[in-house]
Amino acid sequence: MSDQKYAKDFTLPELMITACAREIKDGERVLIGVGLPLLGAMLAKRTHAPNCKMAYETGSFDSMPSRTPFSVVDPDLVPRALFAGQLTDIMALFLQRGFIDVGFVGGAQVDKYGNLNSTCFGDYFKPDVRFPGSGGAHDFGAFARRSLIVMVHEKRRFVEKCDYVTTPGYLRGGNTRYEEGLPEGTGPAAVISTRGVFRFSPETKEMYLETYHPGLTVDSVKENVNWDLKVSPIIRETEPPTEEQIRIIRDLDPEGFFLRRGEYNKKIKAQAENMGWL
Amino acid sequence: MAEESKLMTMKEAISKFVSDGMTLYISAVWANHAAAAAHEIIRQGKKDLTLIESSPGEIFDQMIGAGCAKRLILSWSANEAFGTGYRFRRAVEKGLVEVEDYSNFGLTTKLMAGAMGVPFMPIMSQKGSSINEIRSFLGENKLKHVDCPFTGQKVTLISGINPDVSIIHCQRADLEGNLQTWGSIFSAKWGTLSGKTIIASVEEIVDTDTIRRNPESTLVPGFRVAAVVHEPWGAHPGHLFGYHDDDRWFRYMYANFVADDDVKFKKFLDEWVYGVDDRAGYIANYIKKYGYKRLMRLKPKPYYSDPINYGTYPFDTMHMDI
Amino acid sequence: MAEESKLMTMKEAISKFVSDGMTLYISAVWANHAAAAAHEIIRQGKKDLTLIESSPGEIFDQMIGAGCAKRLILSWSANEAFGTGYRFRRAVEKGLVEVEDYSNFGLTTKLMAGAMGVPFMPIMSQKGSSINEIRSFLGENKLKHVDCPFTGQKVTLISGINPDVSIIHCQRADLEGNLQTWGSIFSAKWGTLSGKTIIASVEEIVDTDTIRRNPESTLVPGFRVAAVVHEPWGAHPGHLFGYHDDDRWFRYMYANFVADDDVKFKKFLDEWVYGVDDRAGYIANYIKKYGYKRLMRLKPKPYYSDPINYGTYPFDTMHMDI
Amino acid sequence: MSDQKYAKDFTLPELMITACAREIKDGERVLIGVGLPLLGAMLAKRTHAPNCKMAYETGSFDSMPSRTPFSVVDPDLVPRALFAGQLTDIMALFLQRGFIDVGFVGGAQVDKYGNLNSTCFGDYFKPDVRFPGSGGAHDFGAFARRSLIVMVHEKRRFVEKCDYVTTPGYLRGGNTRYEEGLPEGTGPAAVISTRGVFRFSPETKEMYLETYHPGLTVDSVKENVNWDLKVSPIIRETEPPTEEQIRIIRDLDPEGFFLRRGEYNKKIKAQAENMGWL
């Protein structure tokens, strides 16, 4: 089919959504937060993984929302769901028991062992910048078989050591994650950043570059990492979206809320000004 | 003699039950978002509050910005895909509020322990993180690391909490305070029931027979509830299952263009909080400004569950004869 | 590719998933009373089982009497107002089974811990009792007394359990095993979800759309369920909300005139368990013996809840424009 | 009203049901098991305590059953209830939190401090008689403000020391209950036996006889107690049921399942024999 050809025209958010989608296998249970990973999971479900099922920490499982949720408490996530309960149902009965295959997490900082900081830059008690905090990220990262880290890639965000570890990755590498008491067979599987896709060495658990996004180079990625980043021997460009994927992604976000945020922001600002708001 | 009515205005409820310095759970995730109560707390100028909720949105941001909060116990504070929580962020950066951080699961089990009447709950989460290492104002009472006496596994004990007052917005209640809600409720069951005193605002006051037709929808039995406030649209701009959608435009506008600007934030409070007497006034202002049609557009297309057949057995069906 | 169907006969389910020596949770309180499964376990002559339930009734008595059980973890075993549990009583008195006793709350939190994935649950109960002092086969793993590290209060830690198999009878499921139940469920949520493997018998197989219309009635999501068995009247002589009453006469008769008499008990098993192939055979025997009318008399007068309006939002209701 | 006059004709179960009912005050929350106490609570609700509310450990609260429940899981306890949940809801949110005023408990043995045994006679591991066990009784006794003990009164059942303490009363008397960690302000308030009504000394927590049932004497009660039973200075006969109470009780049990068990038992046995059952 022609729409299985690679798209020529795509944006960085679209590439990242595709990369998220490719991490999900058919039939998997995916615990999802807000933003690009949700679009990635919706894309996976509409393409190669029709039987993946999404759980939301709010209490819903395998929802069939008519529209793209803007949040994990979107009111369209309950009607037609297979299960609707509360946070402790999803966190305990599903996640803590080990029944979640994939959990998406994000953060403001990541270190070379996949530890994540979504709490603060600087000292916790006098932070330079305060971020929202863990939310469910800590718990997803603790218990999901594979956690997938989605990041804005700036040099100050890819650090040797996080200022604060909100969500544990492989801690100090090797087996330290499991020695600390986190369940065997869990941990970060990949980092999908705005510059590339990274994985972790099976032994040392150190992050390495697997693919760099189209238009970038290995060096330009390495320059934006605060440690001596290792690179896969079979390093290559990140696989671009197919035409079908792009069509579906754009269908999911007709207003450009996720995909064209700058433009979108301008529109709302203008409306607010017209209302006498600003 | 039936039970006394607990119906009162939000002004009465907050003034009667909430005092400066108290610890409050306020349901502030976007479903069951107790916005009407939070605005009344701001109007009454409550101070030095310790606020607790797992992942609060806009109303925590506003209470922080209005100077009501001294301490926060939470897991996350922002506005989801709509934008960050700037009043929260700035207040923490400036040292105006102290924060005790948990994960969503950790925070919710803290409320669950309080609701269930035990002094702690064990979780297998929070290991290997700064959440477990760094303690703010709760100090040693934040949590403990123990080795399970049965299995030897490392376990985190999360200390329980019983807020002085818990506040929620629900779909309906009767005059005795039997509260019903449905949809996915995040941490609100444990948060509400953990409270020593419970205040609820509701979309509708119904008769007790209506409550009794759906006994599994009762979140809190009336004897736990101190005040019932009839405040339709009390969750706006959050949503409420069956009643209305999130007001996404309003949330986006607040998060992105208001919260991080001192002047605009003050103007926002002046208009939507200080400038009105109650939720009815807030909604009147909304209608004046945006039109009734815009408000009504937030109503859902009905989507009904099937009725559940519990079955009943009249007095003569003892079935003790063959 | 949709998920595989998990539909099978009870014979297949028990033979595939239950082995001698296993630990089984079987929902055996009178609602969700998994009688069809218990009878199949007896028919297949399973041995050396450890059975766990908070307050089991007749089916535990029968499994004990049939020699399936070696160990019991429970809080109470009898037939409520109908009579005592004689097979249980005699087996304990003769040393044929060992018992580990908890309170109903203690036992249920043991299952809750297992269901939630933590190695123990704290309760403030069981203090000052022989339940807390005397340990049977669980020994040191029964429970621990600790001082709360936060408050200094005495707390009982109940060790969690994950039975090899959990079995329940419910109102309905789809072919993927999404299980729905309603009414008051005693310990059955935690008991069922604590299992490593879950078997369910149901009154009705429904399509997934029916499940999705009442998402809050789903007790167990399908991915946790290994086998779904279509066994109408699977709870008899217990009741099932919306489907049928307790067969009180039958229960009284068993408890008072059958259970404490070796000959009559054997005759009972020969007729109702060994003498039939499955629940359909059991019900056929019932109808033959007592008449269809007698069976139908157990059906309730319908009593429906009100449908719940969750509301839904079509794709074009993003509400992101003003 | 004439039916407030004392009844002349009543049975022992009817007297005990009335005694149970009199312990319940209007507006109280009562946690109830099977048998006579349930009839007592239903009687209270139909007479002096219309606003008492009954909770059942099964998960129901303030039910309005059309018929008299034979068990705490009676299927008529959910329709029209104010609340329907599960055991942990009632046990934790209601009982462990301290919101239950009255809990009825029973047992095979009681000792002078109101400790109850419903587990076994003799050694736990080789019992002479094995009873059903705690069920909810332990928990009711632990947390209800006032627990009410309902007992068949035989000498071997009123003992100096129970063979097994299923449900703690005042343990070894005095403050020992509270020293053990049970909540202040809880404990047995009365024993309603087939011979009399007993209460507990506020200081020593020792059981004493308050009233003996009509037709009995103080001595005949004392003879059936295995310790030197103290007697109230204002000892008197147990107050008989009123005509109204008797009328209501009999309405609640038209088949005599609770009230005329011997006769009832014969009837069912005859039916079973006719069916070829026995």
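Chains here go by letter, A, B, C and D, matching the order in which they are written, and residues are numbered from 1 within each.
Everything that follows uses one rule, which is that contacts are C-beta pairs under 8 Å (C-beta built on N, C-alpha and C of every residue); 3 or more make two chains touch, one makes a residue touch a chain.
All of these numbers come straight from a predicted model, not from anything done at the bench.
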{"item": "Pair sharing more residue contacts (C-beta pairs) when C-D is set against A-C", "value": "C-D"}
{"item": "Mean-CA-position distance for chain B and chain A (Å)", "value": "28"}
{"item": "Whole-Å gap separating chain B and chain D, where each centre is the average of the chain's CA atoms", "value": "40"}
{"item": "Multi-chain contact residues (two or more partners), chain B", "value": "117-118, 123-124, 153, 183, 213, 216, 241, 245-246, 248-249, 252, 290, 300, 303, 310-314, 317-318, 320-322"}
{"item": "Chain A, residues touching no fewer than two other chains", "value": "60, 70, 75, 78-79, 84-85, 88, 92, 96, 257, 268, 271-272, 275"}
{"item": "Set of all touching chain pairs, with the criterion as stated earlier", "value": "A-B, A-C, B-C, B-D, C-D"}
{"item": "Chain C residues touching chain B - in the complex, by the definition given at the top", "value": "117-124, 141, 144, 146, 148-151, 153, 155, 157, 159-160, 182-183, 210, 213-214, 216-217, 241-249, 252, 290, 294, 297-314, 317-322"}
{"item": "Contacting residues of chain A [partner chain B, same complex]", "value": "34-35, 56-60, 70-75, 77-79, 84-88, 91-92, 95-96, 119-120, 124-139, 142-143, 164-168, 171, 177, 180-183, 257-258, 265, 268-269, 271-272, 275, 277-278"}
{"item": "Chain C to chain A touching residues, read off their complex", "value": "1-3, 115-118, 178, 193, 208, 211-213, 215-216, 218, 221-224, 310-318, 320-322"}
{"item": "Chain B contact footprint on chain D (complex, rising order)", "value": "26-27, 29, 50-51, 53, 60-62, 64, 66-67, 70, 75-76, 78-85, 88, 92-94, 96-99, 254-255, 257, 268, 271-272, 275"}
{"item": "Partner chain A, residues of chain B touching it in the complex", "value": "29-31, 54-55, 74-78, 80-82, 84-85, 88-89, 92-93, 95, 99, 101-106, 108-109, 112, 123-131, 134, 136, 153-154, 183-190, 239-241, 245-246, 248-249, 252-253, 256-258, 264, 289-290, 300, 303"}
